[in-house]
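Shared between the two complexes below is chain A, which has chain B as its partner in the first and chain C in the second.
For the complex of A and B:
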């Protein structure tokens, strides 16, 4: 809070604006950009891990594992994202609380009583005595799982395709050297598939960035929440009354997302160049010709 | 012996209090002057002041949770929090799902707001906030109803011509109308509800009783009326 902001109603023009933009809830708005970046930073690797697991599972020689992988990828890809974003957090939350209630509460009391879902105080997750940030972190944790499940399925499909795209001759060569299937996977298949997977993964990353406003649906206070909250018309009940300014706030968010995707494009271009080096693909061939 | 029982009972009571769970109270935070998010990013308004006072009197530990209006009842029922204080009018429809304490605000009038005097309130298009008593009222009239998730968007709909008029709680609409140079109150005021109360789960009798006790005490000593006047002005309706 700046020193001259003690009486907002007396301020004019830039002084008013400088005070307005540094209020406590604007600080929370700026911090929520961090929330979005944090979610991206956590979700992307977790989703990639889910995807890798899904792809490996659907290539497995054990029928049960293979079916599991295939059902996971095709089922999640076939259901609208928002259904999963609404379903997964509620299902996980109630599932966790139900499990805890079997341990910490009297198991003879049902958790569903009429239309209510009740567990005893000790089984609450998070405990109702825990501070607000724990509740927020728990909300973000559930959101990360929901995002990872959905984007993991898409990533699994991309990686599965990429694994199939690695030239058979390379794998055969490895086998001829006497490598076991596990060694072939680890030494040849996985390192070689990235160049084929990258376009698909880059695409997914863009979609993931653009999907983060769904956090708002999950009740996490992200940038869309704050833009709507701060931009809405404020009456004299507030210290800084103003008309409907949502347009400007949404414009700021639009610029943020454009910058994010523009920056990612440039980074992906670099990775693409790095991965194409020496590959038997059109891009690798072009690099070889350019070098000579 | 009697003394001993009394002492034991007193001890049991205080011990129970020592283990008191935090009561989580949900509010919308977008319905000034009832509840709002202030410039520090915290919930404030009439209900927050009242809730904190009630908790103090009932010797409860309370914290506030922000929740969107349209999911505020489902999240109470699934135990994400324990009480709702969000200008929620007591009515029959809601009583089927949750329980209410005594009212802490007397029945409030609802009003129409439009851009001009001649707005068609009977058969025109009327904007309301979804899931409110005002929405159920408009659904029963001949007018076409447009529903919005919060009160800001209701006014936006009137301003950009999507709706002929808006219908909502008089006290919430008053500052918007008085601040603006285009919106005016039109038509007759309507009385819809049985007052505003705290929503709790139907199974949560203990909490409801405690809050009822505190509300009754605040009505008795006039502190509730004083609080209503500080937030809604001297002309606000108070308890006898």
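For the complex of A and C:
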């Protein structure tokens, strides 16, 4: 809060705007951009991990594991992702609460009573007595899992393709040296696949950025939530009355996302150029020609 | 069984506002869920079909503009494509709704005729517009890539035959570009079809509870606290329709490649991107 903002109704023009844009709710709005960035920062590595596991599983020699990997990667393909974003959090939440209810509640009472899903108060997650931020954090946690499941499947596709793209001769050479399959994986396959995986992963990152507004659907107080809250018409009852300004708030969000994707594009261009330097690929050849 | 037929009669076209007005409130049967969700699917198919149809033509124009040497044509196309590919579809829906609401309620006077504008804020028009522009931007990028990757030999052959301008474009450039772009465009069509589920979760309100498949699935999941029935039903519907879409685009692919023996391979469905 700025010092001259004690009486908003007396303010005019820029002074009014400076006070308006620094209210407590606006600070929460700015903080929610941090929520989006936080989600990106957590989800990207977790999804990569899921993807790596999925890709490894679908190459496994054990039929059960291989089938699990295949089903996981193909399941997410045919179905719109938003269905998973709606389904996974509820299913996880109910799964956790069911497990807790078996421990903390009377196990003879069924959880499903007609159309209701009821657990006793001790098994609620988060507990109804816990502070507001725990509820928010739990919501974000479920969202991260949902994003990781969906994007893990996408990443598994990309990594699976990249593993297949590593020249077969490389792996055979390693086998001829007497390495075990595990050693071949760790020393030859995994280090070499990243060059092939980068274009797909870069693409995936852009998609992940553009999927973050779906947090709103999951009930997290993200930028879309605050844009709707703050932008809606405010009557005289509020300290800062204004007409419907949601258009401007959404424009700001649009610019935020355009900047994010534009910046990421620049960075990936650099990495791509760096990785193809001296490589025996078309891009590397083009760089060599341009240099001479 | 008869009861289920009755349910289909009552709710089969519920999403269009025909049949029973009130949604079931309790004691949801599996039949009711399958019927209502299937009814909502009409909207998904409607959005996908029309957006793809109109978007296809716009995308072609944009791709040609982006490949043009004239900056007056190229720059606007580049900006349009950047705008729609660089921002989330979800935000585009919200923004478009807020923009369309700003249109004057009474209508706009054009040369003495009042053009009604209120219908633009309805999902069937407004969301369709957004989906169309969005798919046009993504497809334009695909077509632009195809235009840049035209085999040099085919263009030289066209030149050798004395073709130029429109004839050359219509007989050689465009068919070849379509042939090259088609597998990627098939994926784009699938993404767009999946993206239609976003319509009723974004700015556009579901008028009189006439929503799409996911709208009803969400309704059931909220009412029964049971996500394990409604969502798999939508998922199943979508898998089936996606397979249908792939088959349809595969037919076109066969036709585009009919002069190349063995080239018309089955389109591999390589997904999967969200916007």
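Note that the second predicted complex is superposed on the first by the 277 of 292 C-alpha atoms of A that agree within 3 Å, B and C clash if a C-alpha of one lies under 4 Å from a C-alpha of the other, contacts with A are read in each partner's own complex, and residues count from 1 in each chain.
The rule we apply is simple: contacts are C-beta pairs under 8 Å (C-beta built on N, C-alpha and C of every residue); 3 or more make two chains touch, one makes a residue touch a chain.
This structure is a prediction, so every number in the text was calculated from the model and none was measured.
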item: Partner chain(s) touched by A:212 [first = chain B, second = chain C, both, neither]; value: second
item: Touching partner for A:177 - first (chain B), second (chain C), both, neither; value: neither
item: Which superposed partner A:141 touches (first chain B, second chain C, both, neither); value: neither
item: Chain B versus chain C as contact partner of A:67, first or second or both or neither; value: neither
item: First, second, both or neither for A:117, with chain B first and chain C second; value: both
item: Touched partner set for A:261, first chain B, second chain C, both or neither; value: second
item: Touching partner for A:30 - first (chain B), second (chain C), both, neither; value: neither
item: Which of chain B and chain C A:79 touches, first, second, both or neither; value: second
item: On chain A, positions contacted by chain B and by chain C; value: 90, 94, 115-117, 244, 246
item: For the chain B and chain A complex, residues of the former touching the latter; value: 21-24, 29-30, 32-33, 36-42, 45, 61, 63, 65-68, 71, 77-79, 82, 97, 150, 152, 155-156, 159, 175-176, 178-179, 201-203
item: Residues of chain C touching chain A in the complex; value: 26-28, 82-83, 85-92, 94-95, 98-99, 101-102, 194-195, 197-198, 201, 214, 217-218, 221, 223-228, 231, 234-235, 238-239, 242-243, 269-275
item: Contact footprint of chain B on chain A as seen in their complex; value: 23-25, 27-28, 90, 94, 97, 113-119, 121, 124, 128-129, 132, 135, 219, 221, 229, 232-233, 235-241, 244, 246
item: Residue ranges of chain A in contact with chain C within the complex; value: 76-83, 86-87, 90-91, 94, 112, 115-117, 153-154, 157, 203, 207, 209-214, 216-217, 224, 227, 244, 246-247, 250-251, 253-254, 257-258, 261-262
